[in-house]
């Protein structure tokens, strides 16, 4: 029975999606109930799975769909890391979205694709081989597109189009790379320390080219720098969607994909042997700086956050690419940390927009007085992003820095410092405005923020704090990533 | 006495902060703010010192302990926070953003107290950052243009300092493989790490040229905040330096020279710039720069001559304690003066302040004199080359301080009454003043120190100079135009700025679209179709007819690449 | 005993006759026959999976003299595809039209059933001349389906279709005749002998040219967009999803039988396929009407399949042709769904201009959703069978280092995404494009059919093992 | 020069010339007439080529009925409007046609003289139940093809039913038609029966018989017999459809009996074949008639 | 030999209707030409049958004859309106 | 087979073919439609009848008589009827 656990986890959202899609728009109670029940159920199942995995259990399910081609679900430590993130944040984001979209149109469509999106994320997390990963990766693209264009405005459609162009292009590269690799290697299951055997020696050029293709493919979602154009544009989506895009699903899937490719397909020795790690790290570094730099100039709050995501997600890539256990711990932990921090920011930003109609940085004046709770959550998230201890972001940066030294790249420290400086430069003015400026005279509460909107950012802000404070506790993200890294490097 | 758990030191203000987040509880809890540092004070005074605490689950494994060096720091820091808290409560009774101020205050307090007991890098850094960043709120409290500017400068320096500290700490931690703070002073720490850590801490210490934020922030912040900024937080920088520099274990002449140069520059610059300030708190702030430079000089000497450190250490510590209380008392006195109209009461207040000022200037029979003497004695052990100008420096420091104090008192005497300032703000000040004046008897070995007449020279000289200047000013009708705040940064500020937020509208982008629109696809006509059919059939027939039998290449023949390899 | 093979090829004809004789009961009869056909198709597939391929000599006369029906995996797959798509289309045709729309012409059922019978016969046929005859039935009934609405455009398109179809038939017949003259026999087993001689190859070339016309392969596709765009929705679905596939199926058969000798034809197929892919996509990008877009997309997709057939190489040493078969299957489901959905959309809107899809008083309905899903499948994104097919194809091509073809397949994918997103983005309209009180179109049979097909196409990828297992039982 | 060669040459030139005429005449009636003439000459060609069965079929369908059908169709079309193709197109078409023709000519000319199929047919003829090899092939060896061809016819009828072109209401043709019909129809029926029966041994069969019968039917229709009465039309329809139905059911029945689709029971092959052909004859005749008269709800005038 | 020549003559007679078919000018002329060609073909077939001694061809001639009138009849009955 | 029959047959056939050729010539050369119909109805019928008779004479089986006779009959009837109908139509609608 337990061996079906991954499937059950997948089905909690995949199965719910069609049901929700089919519901009429005005059945909001039932829809909410189903949604939350599924999210809660999944959380429970993931918790169960995590415990089992921590005790050394292994899960694997396969379905052969063509000769030599199988869909495979597998739950290992790395999966659990991502699974936990997505299931926890799904619950919160769903709750938030229910509140956010109250009275809106096309809610069934929204929540249906929302569930589908999470299902795809879960699938990505539990993909047991490269093919499965590709399948769910593309599914994610499709499931998110309707969410991006949900508002239906011309701008949203434009964003959706750009999103599609980027992600489908990336998907194509990924597919090509994966197919190539399958053609060379027969099958590409994910396994610690890589599965390529002696291919890198026999076909170094092909293996390198495949790597470039694969990374380009997942790099689009991970918003590596020349491929990041969709992310700032797609912030026109509703706040829960942005939260989902930036924190849980899309961007993270890209980062997760990089992890899988680097660790479980190529393996660290191959990465070093072929000299692939350094360019990747350089790319990540460039992304970190460029994203931060662009964020400085944005007045649109969500756009600023979006560029910040571009920058922050590359910490994960950097951690992976540095090929050092310490950096890996940092990068992997940042997967979670960035997720909870960014979701906090987006949820809070959504609250600002909902409650006061504030969507720009320049409109944030006095927000601390108008909406103290949301602003506090935002503050926690922002400080975490900057890397202020003892918040979550500090932990990852600490390990990244150490990892950079470990990998013989002291420049990483400078990179972290420079990026931290820019982070501060684009986040602190927001905090300043929110807390230390007086609200504009004409600021009137536009809409009461219900508990469904208020609680999720508060909870995630709590997570940000806890993930930093309790970093050394056994089930903290950091603890779990140490466990993963011990598998990948030892 | 119940053994005090050490974790309560940072936890007490933090818990209070958390409780304050509940709006309903605020009225009752506000009064507790001055009490929040008391556990720390108790811990500092407790005998024996509280046992170290290890919290493995917290952060990256947190260790708290109270070292001998930290103990005095903890003591005066806690006391100052308590007094400042008290005054803040009074001073900001009706101010907008009071709760925000208190929250920042408590957070900064947590950081300040916590960093003194933290033994591991992460905790130290966390507390340090909490203190630095929360102080931003203290600086910004007033909400005026000056505060905004000061705040921006402050946060810029603070963040940069933090990052330097972070970089240094991580370099150090990686080099030593240890996360204990004490290990950062070890021999295997690379020079770069030490330099970065020192840079981060020197920002906090206010060493020239990293001091630019300091006068701005002190002038802009409310008086109690200035008091803790100057009294407690600058000392946190000092404490950090004392912890991470290999004092007493290794000679670093180069570093020592650099530090000494910074210190001397501070000693010169502080009175020069401070005297022309038009605001009392700014003047006091410059005096802090001078004083802190003096302490930095002590550290430099310690770096240059490790052997001298056992003597120098306590001296610097003494100086720190003394300066902490004196400067804090002075700052706390500012609102007390404000609360009075020019008259007898104000004169009395000014007289009391003058006492404090003299103590700061090192008048005999004050804590200042004791500290200075101790330092002087300790510096005897400094390398020979240093001796020549160390005395001069000390003299210049005293003179400068005395001048600045006079200037400050002068300005205070003229300050207009601020009617919304309650009279009871003077109570905490009185407490502080009492402590300062009682210091010679409280400080170890203080009462025994013999007053040195030489100590009278600088104040005297200063008074003479001041009188001369006054006479000059009066006779020639000179007027002093105060410089723009922020020294070099003031020049930058002069440039007009559209908005203080780093925000510009995004550049317009060209639309990206893949869709070719508005095409009227010409439908092929059947006549052409017939032609096409004929042509294709003929072509195909030709191809097939001429193609050689056997496997013709559609693409390359099956590649040698196989998957099984 | 009467076997499912013979029922598959006879029952639809009988049903067609009955439906033509009793127009009132046509729908019931037609539906029953379609479902029965589906049942037999399933039985056949099961039997094949259990026992492997089988051949039936009709009348007891062995192949060179008589005609053989060959039921192997490929045929069963195609029959299954026909049954599946047909059932859905029949479901749509069963439904009543939306209020205010004209009732569908009564002639649908007999024509459809005849088409079904012809297709089953075609897929099972093992004889060139017999294939020609089935093509004749198919061509005529397809013309009938095209002209079903009776509108001027439809009639015109039907006429063009008829002309082109006849031209194709002529070429086919010439080829068969030449093949007979050369080999003395017309069963498919003659093909290996035919490729040995120049005459035989010319015969095959003529056959292939005829097939190219019937498959609307670039540059012989001129008749197709108009025909498919102007026919009634169920008819378009059948034409686009199934009828053009028959020619591709025969091309695949010839490729399987011809082995290495037919390589030049495969190369030609690949080249024409690439051209079709690009040309169709270009026109689809420019199309102003929804159904025209879908029809042009058929040109492009046919091109992709032809390309796959062409580059699959000699079936003796590669199983890449299975990818092509899977692509056919996937395209059939998706395209049928798309046409049904497009029909429903046009029915609700009253027109099918793409620029006018954003009608404010209408919310997007199930049909739009179905269209979107079908589009996903058509583009070939996971988890659809189209994706699996493309994957297998690309993997094989990469293993052969045929980079140009890989690039072409990729380009085709990109282009299909580009033109389909034109519509799909409008299917997701909302916000300012929808008035507050906008109604959602009521559910119709057509929606159910389209959605069912679309979801089927989507989920087929997960069940691709079945087609592959079936294809394993194909005789070559 | 021998007259045979001259005859063949004239025939070949005639076929080509008539075909060219059919394509190029700018008058619909002329086109139809030229087409008919082509059909006639082609039938003659088949005769010369030694394929009397084909010639018979061509005569019946190509030269006889299609003319009537085309004339009927031409009535509905407007005047010719299409412009002749551009010279370049024409040249290209000519080139393509030339290449193709050359290839075909060469291919057919060099094809192996002896065919493999006739010997097989001859060998199996005894078991086929009939002595005319063509009928044996059509209704026994390759009966499946024939069944499908009947289906083609049915589909064509279905097409007409679907398109429902206007019904034909012929002009009143006056008194002379009745005597004409009285002579022609019985003779045609006789001929049809003869052809059907003869099919077993000699050229002839269901197609030809059906076509002749249809010709008779058309004569009746054009002579004024009203086919637009519902009952008659439905009866004709049923008849038209019945052919395929009988054939198909026979196929299934034969499988039920012998286990092979279209495998006639031993010794009864001829009976089955004749029965099927009988049904087909009637059906084909009815179909052709209906194709001509049409199904339209609207009338022609 | 004679018969072959006569058959050729019949064929030429058939083809001789072509000028009228081309010239028209009325549809009726063209139909008449076709009609004449039909008769000529029947004659040709009969002569071929006679020349080769295959009476089976007479059956075919009969079929032609039976259908000979249909087109003309149709032309008249349908009004012959065209172009 | 008797020589007489052969000669007679051949002669009749020759005459018939001649009639046919003349019919064609007439169709070509006669000035208007109605007069052309003469060629169609008379010369034509006569020609075929002669050919059929000739063939019957040449035939060695009496069975051939029936089809040939029927042929001649049918052509005669058809030609006459069609000629009449066309003429009638021309009379009514000269433009046709």
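We just call them A, B, C, D, E and F in the order they show up, numbering each chain from 1.
One rule holds for everything that comes next: contacts are C-beta pairs under 8 Å (C-beta built on N, C-alpha and C of every residue); 3 or more make two chains touch, one makes a residue touch a chain.
The structure presented is a predicted model; accordingly, all values stated were derived computationally and were not measured.
Engineer: Give the fewest steps needed to get from subunit C to subunit E, where each step moves from one chain to a chain it touches.
Structural biologist: Steps on the shortest route: 2.
Engineer: Would you kindly count the fewest steps from subunit A to subunit E, each step being a jump to a chain that touches the current one?
Structural biologist: 3
Engineer: Compare the CA centroid of subunit B with every other chain's and tell me the farthest one.
Structural biologist: Here the answer is chain F, farthest from subunit B.
Engineer: For subunit D versus subunit F, what separation do you get between their C-alpha means, in angstrom?
Structural biologist: Chain centroid spacing, subunit D to subunit F, equals 26 Å.
Engineer: Measuring from the mean C-alpha position of subunit C to the mean C-alpha position of subunit F, what distance in angstrom results?
Structural biologist: Using C-alpha averages as centres, the distance is 55 Å.
Engineer: I'd like to verify one number: the distance from the centre of subunit A to the centre of subunit B, where each centre is the average of its C-alpha atoms, in whole angstrom.
Structural biologist: 35
Engineer: Centre to centre, by mean C-alpha position, how many angstrom separate subunit B and subunit E?
Structural biologist: 118
Engineer: Give me the residue numbers in subunit B that touch at least two other chains, ranges are fine.
Structural biologist: Only 514, 528, 530, 537, 541-542, 545, 561, 563 qualify.
Engineer: What are the residue numbers in subunit D that touch two or more other chains?
Structural biologist: In subunit D, 103, 171, 173, 180, 184, 187, 191 touch at least two other chains.
Engineer: So which stretches of subunit F touch two or more other chains?
Structural biologist: Residues 70, 74, 77-78, 81, 85, 88-89.
Engineer: What pairs of chains are touching here?
Structural biologist: Here the touching chain pairs work out to A-B, A-C, B-C, B-D, C-D, D-E, D-F, E-F.
Engineer: Using the touch definition up top, name the residues of subunit C that touch subunit B in the complex.
Structural biologist: 160, 163-164, 167-168, 171, 195-196, 198, 201-202, 204-206, 208-210, 212-213, 219-220, 222-223, 225-226, 260-261, 263-268, 270, 272, 282-283, 285-288, 292, 296, 310-311, 313-314, 317-318, 397, 399-402, 404-405, 418-419, 421-422
Engineer: If we count contacts the way the header does, which residues on subunit E are in touch with subunit F in the complex?
Structural biologist: Contact set of subunit E toward subunit F: 2-3, 6, 9-10, 12-14, 16-17, 19-20, 26-29, 31-33, 35-36, 39-40, 42-43, 46-47, 49-50, 53, 55, 58-59, 61-62, 65-66, 68-69, 72-73, 75-76, 79-81.
Engineer: Can you list the residues on subunit D that touch subunit F in the complex?
Structural biologist: On the subunit D side, the touching residues are 171, 173-174, 176-177, 179-180, 183-184, 187, 191.
Engineer: Considering only the defined contacts, which subunit D positions touch subunit E in the complex?
Structural biologist: Subunit D residues touching subunit E: 2-4, 6-7, 10-11, 14, 17-18, 21, 25-30, 32-34, 36-37, 40-41, 43-44, 47-48, 52, 55-56, 59-60, 63-65, 67-68, 71-72, 74-75, 79-80, 168, 170-171, 173, 180, 184, 187-188, 191, 194-195, 198, 202-204, 208, 211-212, 215-216, 218-219, 222-223, 292.
Engineer: Any idea which subunit D residues touch subunit B in the complex?
Structural biologist: 82, 85, 89, 92-93, 95-97, 99-100, 103
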